[in-house]
Structures are given as C-alpha cells and as structure tokens.
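What follows is a pair of complexes built around subunit A, which joins subunit B in one and subunit C in the other.
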Partner chain A sequence: MNIGQVLFYVMAFVVLASALFVAGSKNLVRSIFMFFITLFGLAGLYVLALADFVAVTQIVIYVGGVLVLILFAFMLSGRETLNILQQQKSKFISLNKLPAILFAALFFVVMVNVLIKTGAGNLPWIKQAVATNAAIGPNDITVNNIGINLMTRYLLPFEAISILLMMALVGAAHLARKERGAV
Partner chain B sequence: MNFYSTYFIIAIGLFAFVAVFTLFGVYAERKLSAFIQDRLGPTEVGKYGMLQTLADIMKLIQKELIIPAAADKVLFLMAPVIIFVAVYLGFAALPWAPGLVPAKINIGLYYILAIISIETLGILMAGWGSNNKYAILGAMRSAAQIISYEIPAGFALIAVVMIAQTLDLQEIALQQGILSTEKIKFLGFFDVSANGGILAWNIFRAPHLIIAFVIYFIASLAESNRAPFDIPEAESELVAGFHTEFTGLQFALVFLAEYAMMFLVSMIGVILFLGAWNTPLPNIGAIHLADWTTNTAWGIFWIAAKTLALIAVQMWIRWTLPRLRVDQLMNLCWKVLTPLAFLCMLISGVWRLWLM
Partner chain C sequence: MITLTDFLIVSAALFCIGLYMIITKHNAIQILIGIELMLNAAILNMVAFGKFDRITNGGQIFALFAIVLAAATTAVALAIILNVYKKYRTIDPGKINNLKDK
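Here is the complex of A and B:
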C-alpha cells in the first residue's frame, strides 16, 4: 500500500466513524461538532481525488456557513425544547426503528448494486482519458477549467441556481422584515 | 523520509515564529497603548520591561486548569485548540520571499479564507462548552460579526484576484515587482515593469484597489475581534466574552490565536495590496535600487516590515477609537462596506477588460 491508499483508508474511517457518532449520539451539540469532523474528513477525501477546489468549497460552505448557522439556530432555541429532544426513548433496538433500518438496508443494497454494475475499475471514458493523456495530474490547475466550464457549457444551470438563491434571499428578507406600523 | 522531515521542520518553525511574535506583539501592544495614553507601560522586568510577557507566559503555564462543574468537558477542552489550529493552518500558504513558500497551493487565497472561517466554529464551541451566559453571548456576537464581515472582505479580495487573474498567493506577489513576467502599468497608463518598487504595487496598479484595501483592513479588524469591533469580548458588559472561563494554558492559546490572526490578516493584506515581498524602492535611471533590494533575505525583511507596520496601525486604532455599538457595526458592514466592495469588484472587471 502506498501512502495515498493509507491516507484514503484513514480518512474514510474518520468520516464513517464520526458520521456514526453524529447519527447515534444523544447529545445534540456534540453531534453537531462531530459533524464538523465528518465534513473535514470528506474535504480530505476530495483532496485525495485531486478535487482541491471542491474540497475548499466544502469547507467554506458547509463548515463556515451551514454548520455555523445550525449552531446559531441551536443556541437561540431554549433549553427546555432541547431537553425534550434529548429525553426520547433510549432503547437501542426497538420496533420504532424498523422502518429506518429497512430503508437504510435497501438503500445500501442499491448502492452496492450500482457499484458492481458500473465496474468503477475499468470505465471506458477514464481509460480513454488516461490513454490520450487528458487525465488530471496532481500538479494541474483545475480552477481555470472549472471557471471556463461554468461560463460556457454549464451556464444555464449556473444561472438557474443563482436565481434560486436570489429567491431564497428575497424570501428570507421578506420573512425577517418588520410589519409596517408594528414596532 | 527527508522529504517529510522538511515539512515537520517548517511546521515547527512556523509555530515557533507565531509564539515569538505573540510574546513581542503583546509587549509592543502594551508599550504602544502606554504611549498613546501617556503612561509608562511595563518597566520592571528586564531592560525597559522587555521580559514582562515572558514572565506572564511563565505564570500562565503554571496555573491550574480549571474546568467549571457545569461545562461540557470535551468541548471546553477542545475549543482553544481548534481556535488556534484554524489560524495556524492559514500560515501554510503564505509566501515569504521569491521562491520561499511553505506550501505552494494554486488556490492559496481561497484556502486561507476557508481555514479562517473554522475559527468561528471554535469560538461557538468555547461559548457553548463554558456553559456561562456571558461566554455564550460573546460567542454569538462573535459568530454574527465574523460571518457578516467575511462578505466585504471576500469581495475586496476578489477585486484584487480579478486584476491578478490567479488565486496563487506567490503568483500574486510576483506580479507586483520587477520579477513580474507580465506588463505592469502604474495607474493603468504608465509602463513601470522595469522600475518596479512602490509604483508596481497592486494599490497603485489600479487606484480603486486603495478603497478595496481600506474595506479589507476594516473587515480584517472585525474578523480578528479587535477594537473598535471587540463587542464579542466587551469587558464592560460581558466580563471577557467567549473566553471568560478559560485559565492558564487554554487562555494562552486563545491569546496566541488572536495575535496569530492579527499577523495572518495583515500579511494577507500586504501580499494582496501592498506588494508582498517586493521592495518599495523603484529603479531610477542608472540607480537600480529595486534590483539591489530583491532577493530572499530582503524579501523576508520587506514582508515582515510591512506586516509589522500594518499590525502597528491595528494597535493604534484599537487604542484610539471607542467600541462600536452592535447596530452601528451591522450598518457599517451591510450598508457601507458591502456595496462599496461590490462596486470595487465591478470596477476591477471593467479595468481588466479595457485598461490592461
């Protein structure tokens, strides 16, 4: 095993273990902070896949934005609500969890099926890219490529997303606004 | 194995630098504040009180680590570490001299912006973990402030990136002096590629970047929680804000993070706007001042001198201006700085298309 593989397995273990903790922990705040480790490990996996821009974007958006907002909402809500949330039935195995387990198991089957059917080891387009030397190496700059593609090939989805975000912003501003006349 | 040991040496060297800088930064701040307020400052320990901060840190190391009974132990212990590590990781991408950069990352600037935003998480962790109302109020204020001020700071930086056309900090540094491979125009008209010096700095390459620099500087004060934006630790209302409960080494780490953050944001400002490691002295006719003062040693000297000067300005502002109220703070950010930063970005685009 070379160092890349070792790093991959370490990172994958960190991601999986912390994700399990997030899902299983009774303490909500700790599970939010554990989620931070999951996201960080995912960013590491992206770096190993040579997607450095995606990795950094992951940290900016999820850690710097989403996670901080979740914490904000959490800290603004009262302690009583949180206590009720934390005092749910604590049996590890119970009938209530059956649908969730079924769903997760079925989803797992689908995922494994997809992985086997595609044969990720020898996809034709990857082989072609390697053969024609078009594959991205560790020292290539990917940002320029992303920028050009966003402004040409993927312009319509890009603009559609910006309109969606704009609508969300306008909606948020409308909701947060004071009624006219009300103090 | 040699390859990896260099990395460790660089990492330890950077940490040592941050620690030494903090020691003397605190001393400088105390002397400077004393001068501004017409006092003497530390005078007892060592010549001119120079060993005062060393004595302080010895005291902090010896103190007992007190964990409040109601605190969330894990979060409480982890928080200062995360706050410091987030800032410390940012140092990895900063260039010090021509060819001298700890990690050459082609999206260096973006990486630093991402890493800095983790500090917010550490502060929220400290606030929640302490289980103290002052701490949590301070943490909330701090998070709100940092998230808001990231926007004008980010757009001011994007204005520079649009002119420089790269996110690699070493590349941006190279473009602002005589080593540049592309043409540099002073104010967009006079070709100064051969002269270099102060004329080639980004703020003079495109004059609207002076405004961008001021926006960035104000926002960077807010991001490092320094006065006049220090409501997160406003001692008159919140005791000490998010680090109320910390003692000993943990308090030292929070302090280390604050000074490291000051250095980091100042150095980013210097790299992007004030010519990075390039000399301020231009080539004039037969006197090749810029050629003589551009090499590795001079590079480290120039960037350190410029960064320290900027930090001195930060301290000067801290001890001169009163604290902003929270609504004034948000008004300044959203109604003044953000629109101005957008305008700078727009001008940058036009500038790049028509004048360069």
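Here is the complex of A and C:
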C-alpha cells in the first residue's frame, strides 16, 4: 500500500462524506460550503488520476466561479428559502424520503455490479494502451500535449463551446435584466 | 496501484448522492447542487479513462469542456432561479405551476 493509494482513499472519503453531508444537511449555507470541500476533494482525485491541468481548471472554475454563483443565487433569493428549509424539521431518514433513498441505493448497487462485471481494467483498448506505453505515467508532462491537441485535433468542439458560452451569456443577461414597462 | 474500478465506484457513489438530492429537495438551489454533483461524477469518469490516452488526450479535454459547460449551466440556472423568485416569492419547484400567461 503506497502513499498514492492512501491519498486516494483519503480523498475518496473526503469527497463522499462531504457529499453526504451536503445531501443531508438542513442548513443551506452550511451545505453550500461543504460542497466547496467536495469540489476540492474532486480536484485531488483528478491529480491522482494524473490530470493536473483538469484539477487546476476545476479549482479555478468550480470553486472560483460556480460556487460564488450559487452563493449569489442563495443570497439574492432571500429569506423564503430558509423558511422552506426550517419547515421540514424531520429526521434525516424520514418516511417520505425512504423511496428516494431506496431508489438511489438500488441504482448504486446496479451500477457497482455493472462496473465489477465489466472489469474496466481488462477492457481491450486499455490493455492495449498499457502495452503500447500510451498510458500517462507519473512523470509525464501533459499540459503541452493538451494545448496542442486543443488547437489542432479538438478545434471544432472548442469553437462550438465558445459559441455556446456566448449564447449562454446573452441568455443569462436577457433573463436577468429588468423589464422596462413590464406587464 | 489505484485501479480504474476504484475511480468508477467513487464516481458512481457521487452520482447516486446527486440523484438522491434531486429527488428529495424542495429548493431549486439544492437541486442545482445535486445536478453539479452528477456532472462532477461524469467528469471524474472522463478523467479516469483519460489516463490511458497520452497521445490524443480525449478524456481530459472533454472533461475541460464539461467543466466549462457546467459553469454556463449554473449561470443560466441562477438567472432563471432569480426570475422565478421575483415572480412567485418561492423557489420550491413543486409550487411553481404556471406558465407565463396565467
């Protein structure tokens, strides 16, 4: 059991525990800040999957952008949201949540079963990648290659994403503007 | 050695937690967080498989695209939630039952 494996289990525990807390917490603000920890833990898992650039992007965009947006949505939507939360003073496992818990747990069981039956480590293309030395090693620098690929092989998706981002920007501005002479 | 299946199981668990949140919560922001959890599970899968592709880097690049798309989704969802709050004074999706012209 080397240190990478220990770190993986620690990170996986942090991610899952904080995600469970997010799902179970009654306090919305606290659950948003626990979501912050989930995202950081996921960035750690990306590093362990040897994707350092994705990990940094995760921290910059998710933790810096998305989380602040969610906090904004919470702060701007006022006290009513808190009132809704305080009405449900039941325990974590109450009867009306039982179907959802069952559904999620059964879905998890099915997915784990499928994953173990598939044996992702023994898929032909992964074996071939390991055999032909195409898997990323711990000492490889991937950022250069990602930049080159982004500008050559994946240029079309890149441009499509940029157009979609612009549309989302215009749409969000349109939705959020104050209507003049509104009905 | 961390195997691929370990990553996939963590991501499956994350996905199911997101699913649970989407089903049970009565608050649009918490549902949004559930959607983000499910998106992150998908991104974790892509990154885990991208480890075996050093030359074309498909998994990592599409993980980047998915992160950017999630940011765009959140921005639009925030605008929608604020508008809904302005109109209904609540963000419980169960109580929002009118189209634009009532």
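As a convention for this text, the second predicted complex is superposed on the first by the 155 of 183 C-alpha atoms of A that agree within 3 Å, B and C clash if a C-alpha of one lies under 4 Å from a C-alpha of the other, contacts with A are read in each partner's own complex, and residues count from 1 in each chain.
What we mean here is this: contacts are C-beta pairs under 8 Å (C-beta built on N, C-alpha and C of every residue); 3 or more make two chains touch, one makes a residue touch a chain.
Quick caveat: nothing in here was measured; it's all calculated off a predicted structure.
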Exercise for the section: Have a look at subunit B and subunit C on subunit A after the superposition and call it: clash or fit. Expected result: fit
Problem - Touched partner set for A:F53, first subunit B, second subunit C, both or neither - result: both
Exercise for the section: Scan A:I141 for contacts with subunit B and subunit C and give back first, second, both or neither. Expected result: first
Handout entry: First, second, both or neither for A:V63, with subunit B first and subunit C second
Key = first
Problem - First, second, both or neither for A:F72, with subunit B first and subunit C second - result: both
Practice task
Based on the superposed arrangement, let me know which partner A:F33 touches: subunit B (first), subunit C (second), both, or neither?
Solution key: first
Fill in the blank from the handout: Counting residues of subunit A touched by each of subunit B and subunit C, the higher count belongs to C
Handout entry: Minimum C-alpha spacing, chains overlaid - subunit B and subunit C, in Å
Key = 14
Completion exercise
Overlap of subunit B and subunit C contacts on subunit A, residues 53, 57, 65, 72, 76
Problem - Complex contacts: residues of subunit C adjacent to subunit A - result: 1-10, 12-21, 23-24, 26-27, 29-30, 32-34, 36-37, 40, 43-44, 47-48, 50-57, 59-65, 67-83, 85, 89-92
Fill in the blank from the handout: subunit A partner, complex, touching residues on subunit B are 72, 74-75, 78, 105-107, 110-111, 113-115, 117-118, 120-121, 124-125, 127-128, 136, 139-140, 143-144, 147, 150, 167
Practice task
Write out the stretch or stretches of subunit A touching subunit B in their complex.
Solution key: 29-30, 33, 36, 52-53, 56-57, 59-60, 63-65, 67-68, 71-72, 75-76, 141, 143
Problem - Touching residues on subunit A, where the partner in the complex is subunit C - result: 2, 4-5, 8, 12, 15-16, 19-20, 22-23, 28, 31-32, 35, 38-39, 42, 45-46, 48-51, 53-54, 57-58, 61-62, 65-66, 69-70, 72-74, 76-78, 80-81, 84-85, 88, 97, 99-101, 103-105, 107-108, 111-112, 115-116, 119-121, 125-126, 129-130, 134-136, 140, 142, 145-146, 149-150, 153-154, 157-158, 161, 164-165, 168-169, 171-173, 175-176
